[in-house]
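Structures are listed in the sections that come next.
Two complexes are shown next, each including chain A; its partner changes from chain B in the first to chain C in the second.
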Partner chain A sequence: MPAAARTWSPPPLIRNPWLRWAIYLGALGYLALALSTVEVSWLRVYEGLERGRVFISAFSSPDFTSRADEIRQGMIESLTMTLTSTLAGILLAIPVGIGAARNLAPSPVYYVCRAFIAVSRSLQEIIIAILFVAMVGFGPLAGFLTLTLATIGFMAKLLAEDIEDVDPAPLEAIRATGAGWWPWLNYAVQPQVMPRLIGLSLYRLDINFRESAVIGIVGAGGIGATLNTAMDRYDFDDAAAILLLIIAIVMVAEYSSSHVRRWVQ
Partner chain B sequence: MPVRERDGQRLWQRRTTPAELATWAAWLATVALFVYAWQVMTEDTIWAFVWDAPHQIADIGARMVPPRWSYLEQLWAPLWDTINIATLGTVLAVLLAVPVAFLAARNTTPSALVVRPLALFVIVASRSINSLIWALLLVAVIGPGLLAGIIAIALRSIGFIAKLLYEAIEEIDHTQVEAITATGASRGQVIAYGIVPQIMPAFAGITTFRWDINIRESTVLGLVGAGGIGLNLQASLAVLAWPQVTLIFLVILATVIASEWISAKVRYAVI
Partner chain C sequence: MLRLEGLTKRYPTGDLALAGVSLHIPAGQVAALIGPSGAGKSTLIRCVNHLVQPTAGRIYLHGEDISRLRGRALRRARRRMGMIFQEFALIERLTVMENVLSGQLGYVGFWRGFLRRFPAAVVDQAFTTLERVGLLELVDKRADALSGGQRQRVGIARALLQNPEILLVDEPTASLDPKTSRQIMRLICEVCAERNLAAIINIHDVALARLFVPRVIGLRAGRMVFDGAPEGLTPEALTQIYGEEDWTQTTREGAGPAGSEADAPAHREVAIDRDRLAGIR
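Moving on, here comes the complex of A and B:
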């Protein structure tokens, strides 16, 4: 073959041409089908643009003062809910996480803990919140229970994976001294997983605050309830103030937690 | 090493005495904070409702089973809508997140002083607001329906996809970029032949992962009116039709498990 006719082209992502074109065509067909089911009333969108403009301009004049009491109450509920549920969740996650670690727990305990984690992780926070509101009534207590349950699932899973990854040498060394199960856990396992556990706890604190802003929509207290009321009244200035507060707190939390994590690890 | 002397014997301890005191003080402060926060939080709680909970659980539990299977026929259309919200939202998010990621990555940004902080701000703002809140806003602005749901999912996903993608771009092997540049390639060609092939597996993984999360989130968007199966959930809850609620929960659970399975398979295939 003459050298001039040889041009290189990058290899395709999917080698088999039939499969490749079938995937492309399928994706295109799905896109057309899906887009056709989206009914958009452009008139409503057009009318909405004006409201959207009002809403965006509300961010330049957020109203923190006229409903300051409600906003403060919502914020206090959100913050206390976040704090208590994170602490309670972590405390309860530790035994579950130990139980779900292959190298520590006997297999019946392992399967029970893993099943609990799987169930609590596959249910959405908001769905759990609906159930808890129905059980214990409106208010932050329902939010506390929801976030605690979600925290247990999250922390226990990551803790269990962390315990399974520990260096086995210290485990053996402590065991060789004749230590019982508790001292063994305390001196061999705990120092190895502690830095990451603290890091994850701070990360979860962050997530819980964000979630606490959401579950208020179904009546579980917190700033979400205040925001929902503001949106229902089309009080965009209030809503803008609440959103700015949420963004500010999330940013502060994220920034400080990344600092603490760097310091711990 | 902290060693304490007692009765002529040297005893090892894990921390020095001041460190031990500090640890105990930290624990005490944590407990005190918890108790204080708990009291503030439960100030307005009506405990009669809480103590009534076992009774309520038994009551709702009895009303929730058996699920009303005949209601399933009415759920296929909203379920299809839910999947469309998640998928179209992910597609839209990818289209918007890829340029943001290239602008935010330290090695591809055109200006580290102006454009990069701007792109990072977009990422943080998008990540700090949950898709349900985006939906709440969008329903008020452009009206209830699928479109609000799709845009809400997209707005929330931009930050997630862009963040993970720009981290992947920053971690690429630099020698390949240099090799392509040495052939005299233009900026666009360097990105297409030097960077894109390196981040392709990460990109596919991130997108599928986010799609899986979006399926979960889109199931509840209907609670604020943004379409999908959540609308049926909201309607059933409003009339306390618990057998229908159970069925919807089961359908959501099945969808979530299916999407998790699909995304795990895809990620396993590409990575």
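Moving on, here comes the complex of A and C:
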């Protein structure tokens, strides 16, 4: 005799039905209230749609020539900013990353480096850029400082994690030869983390170029500033040209860096 | 040459790994250190070169007390002791030559090491040593492209490049096949004889040990329970080192009739040998 069909449904996330329904209704009420405070101006939406159409259509006729000088200037600024900040950031990230590796650094150094990394990573690039623009004024210097700081946080954290993951056997073996701390770092640790360090550096180069376009908008120089000006002037043809250039450069960087990374392994 | 006095190690976890071990290894003598897993063999040789800080006791190298050394003096002492590891502990991404030359890092300055510009005499010695261990044609291979036996040879060459006075060897053959194990053991013992090097070799394979070494030290639960020539490794001695259970398992086949104590040991000994060597041939 077959057993009666038994049913099963997943237990509700909140067991108490009163509480459950109260939360559902509360959420619904909050949504309704929030929506009612948003003043949608349908006229502006309509105008915006029109501008959007113009902007999109500008991509069919990007204008690389009429503001070529400004665009070139912005590009050079951005690329310089990207390269210098990536390089400086990596060079500074290496000591910080070593200091933030549990298996290498004594406790006080470890905590200082970890704290530095946590702070520099908790601030978004745009916020850092606003701070630096306020400190050193408009222009690529603020951008350079911003990207350097962001690079240190990013690279140091990942480098420290990679160092903590190295095979401890060669570390012991080189220590047992009587090598000092620097040769030990150079022989036992460096070969183990180098491929990843190179890969991450190239990846960060990518990121920094993209970020350089973004932070330009808050005044940190580079192609972002040029783009911002073009947008303010409703020069959508110029803006389209700039965006296409950014996309092209990012794609080239992406392609070549993945190539190099594969080769390094 | 190497003298230990009451060497004791208690790990922070509370494990008493060594409980007052005293022994003396004269120059040029190769001693095998046997004992069950956890007896403290690795701890002992790691204490000697301070990869593990001993809790108490003294270590003398050529009469010099090295038990409390730190910093530069400790590194000076370390380079006089070559270490060979079970898992080879090579730097995988470096070449065979770089791995071997790293044995000299205690002697050369930082920049020489960093730029791989070792003194000509050292490079020459590296080539000679590689030739001795039979790896001359592999100098530029990366260490991760080698077989286990080849890796251990690189490990031996690296230790020899320290120009050590003693070799500390932690289970050199445990990751190798039986034939390669023998070759590696033979190589270690030969180079020790050639250079009048003392050595302590941790080893689990008793049969292999007695084939090559003149002296066996038995460790059990951090205490020395045997010290003598391998001929003295009677079933009773092995029982004392490894404990009753393990021992009866290994010798059941060769056990003589109960009561014939007089000839039983010799008889059993041969049986053990055959038993342990069965896998080797």
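One rule holds for everything that comes next: the second predicted complex is superposed on the first by the 226 of 265 C-alpha atoms of A that agree within 3 Å, B and C clash if a C-alpha of one lies under 4 Å from a C-alpha of the other, contacts with A are read in each partner's own complex, and residues count from 1 in each chain.
Everything that follows uses one rule, which is that a residue touches a chain if its C-beta (ideal position, glycine included) is under 8 Å from a C-beta of that chain, and two chains touch if they have at least 3 such contacts.
This is a predicted model, so every value here is computed, not measured.
Participant: Taking the superposition as given, does A:Asp162 touch the first partner, chain B, the second, chain C, both, or neither?
Facilitator: Once the two structures are laid over each other on A, A:Asp162 reaches no partner at all.
Participant: After the superposition on A, what does A:Ala134 contact: first (chain B), second (chain C), both or neither?
Facilitator: first
Participant: Which holds for A:Trp184: it touches chain B only (first), chain C only (second), both, or neither?
Facilitator: A:Trp184 contacts chain C only, not chain B.
Participant: Scan A:Asp63 for contacts with chain B and chain C and give back first, second, both or neither.
Facilitator: Once the two structures are laid over each other on A, A:Asp63 reaches no partner at all.
Participant: Applying the touch criterion given at the start, work out whether A:Gln192 contacts chain B, chain C, both or neither, answering first, second, both or neither.
Facilitator: A:Gln192 contacts chain C only, not chain B.
Participant: Report for A:Ala176: first if it touches chain B alone, second if chain C alone, otherwise both or neither.
Facilitator: The second partner, chain C, only.
Participant: Show me the chain A residues, by the header's touch rule, that chain B contacts in one structure and chain C contacts in the other.
Facilitator: 187
Participant: Taking the complex as given, what residues does chain C use to touch chain A?
Facilitator: Result: residues 49, 51, 75-83, 85, 87-94, 98, 102-107, 110, 113-114, 155, 158, 162, 168 of chain C touch chain A.
Participant: Under the touch definition given earlier, write down the residues of chain B that touch chain A in their complex.
Facilitator: Residues 14, 30, 33-34, 37-38, 40-42, 44-46, 49-50, 53, 56-57, 60, 80-81, 84, 87-88, 91, 124-125, 128-130, 132-133, 136-137, 140-143, 145-147, 150, 193, 197, 200, 216-217, 219-220, 223-224, 237, 249, 252-253, 256-257, 260 of chain B touch chain A in their complex.
Participant: Under the touch definition given earlier, write down the residues of chain A that touch chain B in their complex.
Facilitator: Listed in rising order, the residues of chain A that touch chain B are 10, 13, 30-31, 34-35, 37-41, 44-45, 47-49, 51-52, 55, 76-77, 79-81, 83-84, 87-88, 122-124, 126-127, 130-131, 134-137, 139-141, 144, 187, 210-211, 213-214, 217-218, 224, 227-228, 231, 234, 239, 243, 246-247, 250-251, 254.
Participant: With touch defined as at the start, can you tell me which chain A residues reach chain C in the complex?
Facilitator: On the chain A side, the touching residues are 167, 169-170, 172-180, 182-184, 186-188, 191-192, 194-195.
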